[in-house]
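Each of the next two complexes has chain A plus one other chain: chain B in the first, chain C in the second.
Then we have the complex of A and B:
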């Protein structure tokens, strides 16, 4: 199977934005933070890869770097997908509050130009199909995001990503803000879409149980370093690092 | 519709409350129509007789309601000093002050929007730093001082208008506008500075949200993200500020009228206060309150148009 993503010796630094006075005082001027340290991994096409780590360990920075939102880094990132998409943790910030759901979902379709151009009816049809696919009522098109529940919004966010015709999705803690029953529904939805469409998902989470349900392989990250990676079953049964053991103990797995 | 009805009801109740408080305040303050008519050296007996004749000895509430009904009918009472109906004194001056406030408001919106958007878009660059520094200075200069500077610069140096050469809107509307545009700029400048600062920070804050990243990943360029996604949400707090400044501008124009020698409501208000001409002061206070409340009502309606969340919570 071909790789969709290869990351090789990725290093990211954050420069602290200090005032001029402080900069002048310090002679060397060295005040940057090493956020990602020599991160290397591959991801196969059609795979669900888990990324586990505590908050602040660099998970989101890695996601940003892959999407091209983190411009300054050392190392190599090779992604075989022209339009990677992302689903965010907070469903209340991920949809524009002043637009109706229908408008939001149609936006990527309106972007299509030239021979790919869709008529209004075709766009509406695609949106309706996608709403059915993510398990929502077509009537929601006429509503504003504020009228939807957290779970519904997360489904909309997923639908939005899929309407961009992507085959690579980063899900950054997509269920952490939802309650447990809704979490299970969203996980099932993501798995169903993965099976039906064959999209590759980089699934970021701090919840080992959710990762176990979702992923084929898992990476454990701490302080910007990937401590271990491998098949979920193997890592959970035979943790190599003490930190992984600690996490598994805490999760009672 | 229900929302508008509710707002209308609140508006009427507020106006009623204000009229009551104003009437009560001027009832408590020493000095009344009888004293004003006869002067301070009148005998207590003659004062008492005149009060009886004018009905000033009746219970407070009775007098309040009578005054209120007259007020609603357009009879604002008679000036203590000039002995002419208050309405006649005010009606021809009111348009001057209101047009000045409206023009200032218009200048503020038209100028602050593009500058705010520009600085937000180029935040951190040198142009942004420069504009924001000038902005900070403009924000801290009081408008009457700005008025003096404008009189000096545009009036005496550039000779774009004749300081003190006010033309009434009744004789020459164009000349009137050409004169009041300068005081209006003086009123607008500090408010422009505030709006620019708020709009800039609001845009920058809004641009950090996840939906903006999604908008980029859908293939929008910076301008499309800004105008289609960010601006609509970022402008909501700015509209709130604008609603509040409308009241400020009305009061601002009262002060600035003195600097530019404009015979508007401001001059009548100041002379009436110094002569204790209470019916005039009362009427002007209530008219200002009325304009402020109506403008807030308009802001609430505009709010609902630009922010769908408000009608949802209603």
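Then we have the complex of A and C:
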């Protein structure tokens, strides 16, 4: 199977953003922070790849770099998808509070230009289909995000990403802000969409149980380094690094 | 799930006062009981009566008619001033806040310089270069009002530009201008509305101050500030001449202050 994503020796540094005066006083390079260290991995088309690590280990930075939001990096990122999408951790920040749900979901469709251009009716139809697909009532179109629950909002966020016709999705801790029963529903929804649409998902999490349910392969990350990667079953049964063992013990798996 | 919005008492009182003021202003545009320039030598400094509700000034002109007209002038100048300040301020604030970088640095330093001058002083400089008159006052005050709006809007944009919903709009391929004006700007409205109302108050006071100094609305046309200025000679012989224009300034400002106050509390 062909790869959809190849990352080769990726290094990211954060420069502390300081005022001009401080920058002049300081010699260059002193305040740099090495966030990602020689990160390399491949991802196959149609695969669900888990990325596990503690807070601050560089998971989100890696996601940003892949999406092109992190402009400065060393190394290579090759992504075979023109419009990668992301589902964010906090469902309360990922929907525009001043817009109705219907408007939010139509926005990616409004961006289609030229021969792909959709009429208002076509847009509404696609939004309705997508709402059914993510298991929500069509009436929600008339509501504002503030009137929805966390789980509903996360479904809307997923719907919005899918309406961009993407085949590569990064889910950055999509369930950690939700309670356990809703978590299971969202996981099931993501797996269903993965099966139906064949999208590749990079699933970022710190929850090993969730990753076990979701993913085919998993990468364990610590302090900006990928400690190990491989088939979920193998990694969980035969952890190679001490850190992975620690994580598995803590998760009681 | 329709939300019921409880309006605060301040908001209601403010709305009532402002409503009455707007009715008076509209009346002034359409019809005044007397011609505002018509002089009646028999009624010089006449006290309020049924014939002249607010009395007459030193030329025997009806003060009620002049107050109505003057409120209209003050109001239009204030609205135009705030409109210039808000539109330019929103544009500058939105672009500097969203894009940052050197443009932000340069514009904000210019902003600081303009901000450092009291608006009246700045307007005085402007008027002394371009001459007196209604439109010059509007332009001068408008420019003086830009920095405060720019600063507020810039702060809001900095707050919102890295929100997740803005990021996902970017990922969906939404163009930058659309993100700025369609996705972010509506979210700044609560804060912007309050500062527009406060700005309106300052504009009323600034216009009154300018006309008081004799560089705003030119006689024989009336404005609340110029009437106040003319009346000071007769403060003791005809106190109603000063009282009514002054009262109208107070009521206009009070009404909008209460509206702005109630508005912020609601949000």
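As a working rule, the second predicted complex is superposed on the first by the 241 of 253 C-alpha atoms of A that agree within 3 Å, B and C clash if a C-alpha of one lies under 4 Å from a C-alpha of the other, contacts with A are read in each partner's own complex, and residues count from 1 in each chain.
The rule is short, and it goes like this: a residue touches a chain if its C-beta (ideal position, glycine included) is under 8 Å from a C-beta of that chain, and two chains touch if they have at least 3 such contacts.
In this text the structure is predicted, and so the values were computed from the model without any measurement.
Overlap between chain B and chain C is detected when the two structures are superposed via chain A. Only one segment of chain B in 37-45, 55-63, 163-171 or 271-279 runs into chain C in the superposed model, and that segment is 163-171.
Across the two superposed structures, the residue set of chain A contacted by chain B and also by chain C is 67, 69, 83-86, 88, 90, 93-99, 107-108, 111, 147, 157, 160-161, 164. Residues of chain A that touch chain B in their complex: 67, 69, 83-86, 88, 90, 93-99, 107-108, 111, 144, 146-147, 157, 160-161, 164. For chain B in complex with chain A, the residues that touch the partner chain are 209-211, 213-215, 217-220, 229, 232-233, 306-309, 312. Residue ranges on chain C touching chain A, taken from their complex, read 1, 163-165, 167-174, 183, 186-187, 189. Of all residues in chain A, those touching chain C in their complex are 67, 69, 83-86, 88, 90, 93-99, 107-108, 111, 143, 147, 157, 160-161, 164.
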